[in-house]
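Here chain A shows up in two complexes: once beside chain B, once beside chain C.
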Partner chain A sequence: MTLLLASAAFRPAEEALLPWRADVDGPFGPREAAHLLRRTSCGSTLAERRRVVELGPQRAVAELTTPCEPQGEYAALLGALAPLQGLEDLAVCQSLWLARLLHDPRPFGDVLALFWHGHFATSVAKVGRMQLLVRQVEALRALGRGPFLPLLAAVARDPAMIAWLDGNGNRRHHPNENFARELLELFTLGRGSYDERDVREAARAFTGWHERDGQFRFVPAEHDDGNKQVLGSSGALDGDDVLAACLARPECARHLAGRLFRHFVHGNPEPELLEVLAVRYRESGYDTLALLRELLCSREFHGPRARRALVAGPVAFAVGAARTLGLLPDCRELADRLAGLGQSLYAPPGVKGWDGGRAWINPVTIIGRMNLAASFGRLAAERPSALEAAAGGDDATALLGALLDDDVPDGARRELFALRGDVAGLVQAVLSLPEAQLA
Partner chain B sequence: MTGAPGLSRRDLLISSASLPALAALPRPLARAAGLLPVDPAGRVLVVVQLTGGNDGLNTVVPFADDDYHRARPVLAVPPAQALRLTDDTALHPALAPLLPLWDEGRLAVLRGVGPPRPDRSHFRSMEMWHTASTDEPAPATGWLGAVSRELEGAAGLPAVRAGGRDLPLALAGARTQAPALVGLDDVLIEAAGRGGAAAQRERLRCACCAGGRAGEAAWLADAAGDAFDCAERLALLRGAARGTFPGGELGRALELVALLLGARVGLRVACVTHDGYDTHARQQAGHAALLRDLSAALSAFDGQLTAQGDRARVAVMVFSEFGRRVRENASGGTDHGAGNPLLLLGEPVAGGVHGAPPDLRGDDDEHDVPVTIDFRRMYAAALEWLGVPSAAVLPDHFAPVPLLTG
Partner chain C sequence: MLQLAAGLALSLLLLHPARAGDLADLFPDGRLAALRVPSGLALWQAPPVQRAIQLLRERGALAEVEAGRGALQLATGTDPAEWLAFLLGGEVEVGVYEGQASRLAGEGTGRRRLLAAARTPDADGCQRILDALLAVIESDEGNDVRRKSYRDVPWARVNRELLVARRGEVLLLANDDDLLAAALDRLLDGAPAVAPPPAAGGLLTFELEPELLRPRDLQPATGAARRALGRRIANPLGNLLFAGLLLGEGRLCGSLHAEAGALELRLALPPAQQDTPAAFFPPGADGFSVPVDGETLAVLAVRRDLADWWRQRETLMSAESQPQLAKADETLSLLFMGSSPAEDVFAALGTELALVIDRQTFEDAPEPDVKLPGACLVARLHDPASFGPAVQVAFQSLVGFLNTERAQKREAPFLLDALEHEGTTLRAARLLPGGPGEPVGSDANASPAVAIVDDWLLLGTSLEQVRRLVSALRAGALQPVAAGTLSLHVDGVRALRLLADNRDVLVAQSILEDGLSALDAGRHVDNLLALLGELQALDLSVTRAVDRLDVLLRLTLDGAP
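Coming up: the complex of A and B.
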C-alpha cells in the first residue's frame, strides 16, 4: 500500500531526481565523496573526501559549487601569474588556465567554464587574437553558473565569437548566417527544432552586431530593422529578441538540460527524466546552478548508473590525477601533452566542441595517457611528503583507494602489488588502468 | 585477400619483426624472401576529407557556363586561368600539380554528389558522409569502421586515421580501434619506475587487459589491448625509407600513409583530413592556398606510391561534407550549399569527367548545386573494389558508379 502511494506521488523520473539520503538510499562514504568530487573538482585529496563525507551530500554540493575568493597560497599564485595574463601566447594562456584548475581549492567554476567552452566552442585557430579568447573564457567563468540568458547574451556580443562566426560579415543587405545557424543548432535548440527560414531571419536580426578592435560594436547602419519572423515571434526583431525566442522554446531547455546531464551525470538519461529536468530548468528561468545542484544531489547521480560512467576528458584526467596525488606539474608541458591527447584549451576542433566520451579514446591517446602517467609517476616520486599528505600513503593500497576507490579487478591488483616500493612505476600503472580513465 | 589464414596476431607480430629491413627492400625481393606478413596486393582506399564544405564550383570549374560567371562576379575563376579538362570543365589553377595525373587517365571527377536530402549543417552532413546513413539520429558507427571490421581478422593494421589525433566517426565501430597517428613517436610507450622499460610495459599490459571488468572499463580494457598491439607493430617501422612531401597537415598525413603502405602492415583504409574549407568570407586567396596544399600533397603521394611500387593498388577519394551556394555572398565568400564534385585519383580509377554538369540556373541567393548522384553509389563502387560486401556496410542497395576498374 505504501509502495503504491509512493509511486502515485512521484513518477520514476521525479524519484530519480530526489536528493540522495545517506542510509536511506545507500551509504555516503569516501567512495561516494570521491565520485562527487570527480565531477565537481576532477579529483580530490584524502582531506577533501573526509570533509565531504562529514558534510553529507546536500551541504557538500552547496559548498563545492559556491565560489570563494582566492586566498592564501592560491591568491599568491594568481598574483605571481598576473603579469603573464595579457600575453598573446596560446601556450602561456593554456598554462594559466590549467594552473587555476590545478590549484584553485574550489575549481567548480572552472570545471563549468570548461563545459561552456565546449558548448560555445571558439578557437584561437581562426580568431587569431589570444586575448579575445581569454576574455571569452573569463565571461564563461563569471556567468556560467547564473541564468542562461545573460550568458548567451554575452556570448552573442563576445568579440571572439563574432570573429569566429563571421559576425562582421553579417550586414544589413548581406546577412551572413553562420552565427544564427550555430545559435539554433548548437547553442540553444538542437537540430530539428527550427527550419531554414528561422536561420535566415535570425541572421537578419543579428546584422550589425560587429566587432571592432576587440570590442563589441553595434553598427546601426548595418542592422536590418525590418520585419522578421523567427520561431514564431515576429516584428522588427533584434538579436536579443531572437535569444529570448530561443529560450521560450521547450526544445531549448531540453537541449541544454540534456547536455548538462550527459556531461555531469551519465550518458544515458531516460527521456522522461530529461523532460522533468527541462521543465524545471525553464521554469526556474534557466538557473544553471540550481539545475546542477539538483543533479549533483540526486539519487540518479549517486546511484550505480553514474559511477565511473563517463570517459574523463584529457584535462579532467590530468587535473584529477594531479589534485588527487598532490602533484605540481609543469603547466606548459602539461598543456602540450593535453593537446596531444586531443584537448587543446582555447582551440577546440570546431564549433561543435569536443565530441567527448569514447571519442577521446584510440590507441594513440591511450598511449599518450600512459606517457602522461609516467611523467606524473616521476613527479610523485620526487615529492613523497606531498604524495603522503594528498593521498594518505604511497603504496598500492593507498593509491588504489585515492584514485580508483579501490575498485579494480584482481588480475590488475596483483600486477600493482608487484611494484612494491616503486612509487613512479606504481603511479604510472594505476593511472594507466582503464578505471583511471573514467570519471 | 587479407593475408595467410590460420596465423594468429602473435605469429604475425613475430614474423613482422623483420619489417624495418623489409620496408627498404625492393618489393619483388621482399616477396621472394617470403617475409610478407600480409597480402602485398591488398587494395587500399585513402579517403581525403576537405573539412568545412569545399567550394566545388571553384574547384572543378564550369568555366563555359554563363550562369557561373553571373553568380560569381568576384570569385569566378577567369576562363583564361582555368585548367581545361573538357569543353565545359576545368580545374582551379592551384590544382596544376594534378594535371599529369589527368593526362595519364588517373584522375576522375564525379559531379553532383551528395546525400539525397542535403543539409546545410556541417555536422549533420558529415554525419551522413561518415555513417553512410541518412537516419536521424545517426548510427554511432562509421562506414569505414564497418569496412575495417570486414577486412580484419587475418592480420595487421587495417585502418588508420593519419595526420590528426581525433578518430573520425567514419572509423568508429571497428573491432580493433584504429589508431589516430600524427607520427610514429605517437606510439612509443614510456616507462616510469625502477623495473626496466620492457618489464614495466609488460606489467602495464597485464594490468590494463586483465579480465573481470564490465561496462566502460571493459570497453577501455579492449581499447588498451589494441593500443599495445599497435605500438608493437609500428615500433618496427622507425627508420624506414620516406619520400619527399610538402609540409603542412595534409602532406605529413599522406607521408605517413605512404610509409605504412610501404611497410606492408596490412593497411586497407586510411583517413586524412584537410581543414579550413568553410570559406564564408574573403575566400579567394585562402581557397587557392588550400587547393595548392591539396594538390601538392596529392601529387607527392602519387609520386611516392609510384616510387615504392604501390600505385596499382591504391585509390584516393577526395570529398567534402557539402558544396557551397552557387552565388557568392557579400563578404567575398560563399555559404553552405549542397551538391559537390568528388575527386578520385589513382591507377585503378577510370579517368575523366563523370556525372551531369551542374545546373546553375536560378537567381536567388539560396540556389544550390543539385545532388544528382547519391554519395553511397561511390561508396558501393569503393566497396566492390575493396572486395567488401556492400550489404555489410551500406543501409540499402546502391548501384556502384563504374569509376574503379583496376
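Coming up: the complex of A and C.
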C-alpha cells in the first residue's frame, strides 16, 4: 500500500491521467465498478456493478455520463410527479429532486447538477420564490455537462441568481458588486486572481441585468455602456464580455478543474497534475464532460488514492445507501433529515456553498447519520425482497459487500456477524461505520 | 369455517350469557380508561365493520394479515380466526392505568399499564388455544416464553412484555406483574366491584379520565390549571371551536353503536364549569340555517359570542400566543379604521356562525394543479346598513396589505373588482393572470370575495363560491344545522369528488412519501378513494344538556337506507 501511494505521488501528471487499463494497472471488478458508481451515481446495486464490469472502465464511463431521455418506469414516475412540480413549497421541491436521484437509472446529470448547485450556491432563504430555484437547477442539469461558458452565461442571467446577489440593485449610477465579486472569486478565478478594480468594473458591465416576474430582463436605461477594463480586457464591455474575459484567464481553468477534481476524484491533487488538467480543460473550450470522462477513466481515479477518499455529503450518503439497498424512503422525511445533516437542497448556507469534506462530520451530524441509518434499517427490514434484489441478501456478508466492498476492520466485522438475523440492526450498524461515511 | 366457529361461539354465549359487571369486578381501582365490549362477536359482525373488512380484503389491503393467518393455520392446523372468535367473541373488558412511578423522573412517568379480561365459552377450550398459541410463539427462537404460577394459577410471560393467565373461563392479559396479580387476587377472592361499570348499551362502551387526554408534559389539572387543556389550543380557530368543550371536570363516557349502513359514536363530556366564558355557550335557540349550494361539501356551524371570546383571549389562550393575538387585534383595528375588534367588529356579528366549504370548479379561472376547496364564513349582521360598508372597506384594505406583502416577495398581485350578481354587489380580488404557458400555482385557489345579502355576511376565499352562496340566499336554499354548540356535516360524495380532482397530486405525493412506483401509487390512491367512496356522510354534533355535553359522531355509509 505504501509503495503504491508513493509511486502514485511521484507519477508524472500525464501518466496519472492515462486511462486505467485492466491488463496493466490492475483488475476492474465489482469493487472498481462500485467506486465508479459511487462517484457518478452515489451508489449502486449488484446488477449495476455487473453491467459496469462487463463494459469495462472506458465504455462504462461513457454510458454512465451520457445523457438520455427518461424511459419506461422512470419516465412514468416523472410524469406522475409532474403535478407537484409547480408548487412553491421547499419540502416538495426537495423531495422531487431526491426522487430523481433515487429513481433515475442514470443519475449522473443530477449528481453533477448537485455539484454545480454547490458551486453556484443560491438559496431559497433569500430568493423566496421556490420555482426560480427549481428552474435554476433545471438549467444546471441541462447545461452542467456542456462547455462552461453557456452554463456560466445562463447562471449570470438566471433570475434566482439575480435575486440572490441583488442584481436588480445593480444600476448604472449605483453598481452593486455582489455578483461581480462572486463571479470572480467563486465562480471562475478564485481568490488572488483579480483585484478590487476588476470587481468594480465587472459590476458596471452587469448593470441593467435584472429580473422581472421571474424572467431575465436587460434594462438598457440601467446599463452602463461606458468604457471598462476588466482582467486586461477593455472597451464598452458588457456582462458577456466579462464572462469571456474570465474564461480567457488560465486561473479560471485551474480553479474549475481543481474543484471538479476534488469533488469527483480526491482531495489532494498534485499542482502539476492540476496544471495539466487545467490546460486540457481550457484547450477543450471548457468541455466539462470531456474533462470528467478523462478523470473518471484515469489511473488516478481508479488508483488507491481515490478509493474511499472523500467524505460523502449527506445527499450522497443517503441516496447512495438507498440505491445500494433498493430502499425507497419517504422523500419528504429524508429531505428533513438531510437538512439536519447540513445539506438542505435549494438552501445552501451561503454564497460559498457547502464546505464539504470533513466539515460534513461533527458530533451532531454523526448522531443524525446514525438515526438515518436506523430508519434505513427499519425500511430494509420491511422490504426484504427489495434488499435481496439490490444487495444480494440481508446477511452481514451481503451487506458488507454491497455497502463497503467488504472492506472493514476485523473487529467491526465480528460485531456485525453477531447481529445475525436482525436485518434492521445490521443495516444500521453497517451504515454507521466510519467507512460507510466515505465515498 | 369462520362463520361456523362464530356461530358456535355465539350459541355458547347465548347458553352462558355474560353477567354484567362480573369482569369489571376484576379491575383494581384507579382505571384511567375502561372499555367494555358486551359481545366481541356482535362487534365483529356489525354490518359496517364487516363491510369495511370486505372492502379492505377486496382491495388487497389485508394481504399481509391474510398471509399471517395462513401461516399460522399451516403451523397449527387451525384457522386463527376461530381462536379469536372463541377467545374474544364474548364479554371483554379493558382497563388502562397510570404508569408506575419512575425513581428517576417521578410519579406517573412510566409506561401506562394495561389489563384486559375476556370471558370465553369454556375453560378447557380456552386452555387448549392458549397452549397452542404459546407453543407457536415459543417455536420462534427469537421469542422468550416463561411459565410460572401465582396462587396456583398458571401464567406465562411472553418477551417480558405480555403476561397471560387463565382461571376458569376467564382469560387475563396484562403488561404489568402487579396488575395481573391484583386481578387474580380479585378473581380468586371474589372482591366486590370498586367502581360502577360503564353504562350498558352499544357495541362497546368506555369511560376515560380527562387525565388520559392530557398531554404528558402538562401537570395534572387542578384549580386554575384546569384551563390548561383549553389553553393548549393556541390556534385561534381551534380554540374558538373546541376550547370551551374541554373545560369541564369529570369522566368522559362513550359508546359505539351500529345499524345497517351507519356507525355512531356517542360521547358524554363532563359539563362545562360555572365560570366557563359565555363566549362558548351564548343564549339562543339550538338550530339555525345556513345557505348551501351544489358544490358544498362541508358545513361547520357553531354558536359563539365572538366579542366575548376575543375579550377573554388572554385567559383562554396560552401566554406564548398573546403577542400574535395582540398583533391581530392591532391589524383588525387598522383594517376597520380604528374600531375596537371586540366592541365594534365582533360585536356586530350574531352568534350563529358557519364555515361553508365548497369544491371549486374553476370554470372561469385558471385551474391550479392542487385544487383546494373554498371556505366561506357565513354570519348574520346586527346592523347591516352601518356595518356593511365597514366590512367592504376592511376587505379593500386587506387586499392592499396582501398585495404589499406579495410585492415584497415578487408574487403576482390581486386585482380588486366590484361585481354585480343577482342584485348584490360582490367585492372580489383576483390574481393577475400569468402569461400563456405560465404554470398555475396553488395561489390560483384564492380569489377572496365579500358580499352582504340582507343581514347575511359572506366572506370567502373563493369568488365562485361566494357567487353561488349569494344565489342560494336569493333562492332561499338554506340548510338547517343542529348547532346547539357545534355541528359539522361532511358530504362524502362531494368530498370524494374534491379528492378525485386531486388524484394526480395524491399519486405524486404517494410516490414521494411511500416510495411507490407510479403504477403502485396510482393503485394505492384509487383504493383509498374507493374506500372513502363508501362514506356517504359524516355528522358531528355537540349539544349542551344540563349535566353534560353530548357529542354524536355518525358515519353514514354507502347503501344506508
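Operating definition for what follows: the second predicted complex is superposed on the first by the 428 of 439 C-alpha atoms of A that agree within 3 Å, B and C clash if a C-alpha of one lies under 4 Å from a C-alpha of the other, contacts with A are read in each partner's own complex, and residues count from 1 in each chain.
We adopt the following convention: a contact is a pair of C-beta atoms (placed from the backbone, for glycine too) under 8 Å apart; a residue touches a chain by one contact, two chains touch by 3 or more.
None of the values given here were measured: they were computed from a predicted structure.
Once the two complexes are overlaid through chain A, chain B and chain C fit side by side, free of any clash as defined at the top of the document.
Ranked by how many residues of chain A each touches, chain B and chain C are led by B. Looking at the shared chain after the overlay, A:Asp23 reaches neither chain B nor chain C. Centred on chain A, the angle reaching out to chain B and chain C in the chain A superposition, using CA centres, is 70 degrees in steps of 10.
In the superposition on chain A, A:Leu77 makes contact with chain C only, while chain B stays out of contact range.
When the shared chain is aligned, chain B comes close enough to touch A:Pro363, but chain C does not. With both structures placed on the common chain, the touch criterion links A:Glu69 to neither chain B nor chain C.
Superposition on the common chain places the nearest Cα atoms of chain B and chain C 9 Å from each other. Contacts from chain A toward chain C in the complex involve residues 73, 76-77, 79-88, 92, 95-96, 99, 128-129, 131, 163, 213-214, 327-333, 379, 421. Residues 166, 168-169, 171, 173-174, 176-178, 181, 185, 191-192, 196, 199, 308-311, 340-342, 349-352, 355, 358-359, 361-368, 370-371, 373-375, 377-378, 409-412, 415-416, 418-419, 422-429, 432-435, 437-438 of chain A are the ones touching chain B in the complex. Across the complex, chain A is touched by residues 51, 120-124, 136, 161, 165-167, 172, 177-182, 186-195, 200, 203-204, 206-208, 210-213, 215-221, 223-224, 226-227, 229-231, 280-281, 329-331, 333, 335-336 of chain B. On chain C, the positions that touch chain A within their shared complex are 142, 369-370, 409-412, 439-443, 504-505, 507-509, 511-519, 521-522.
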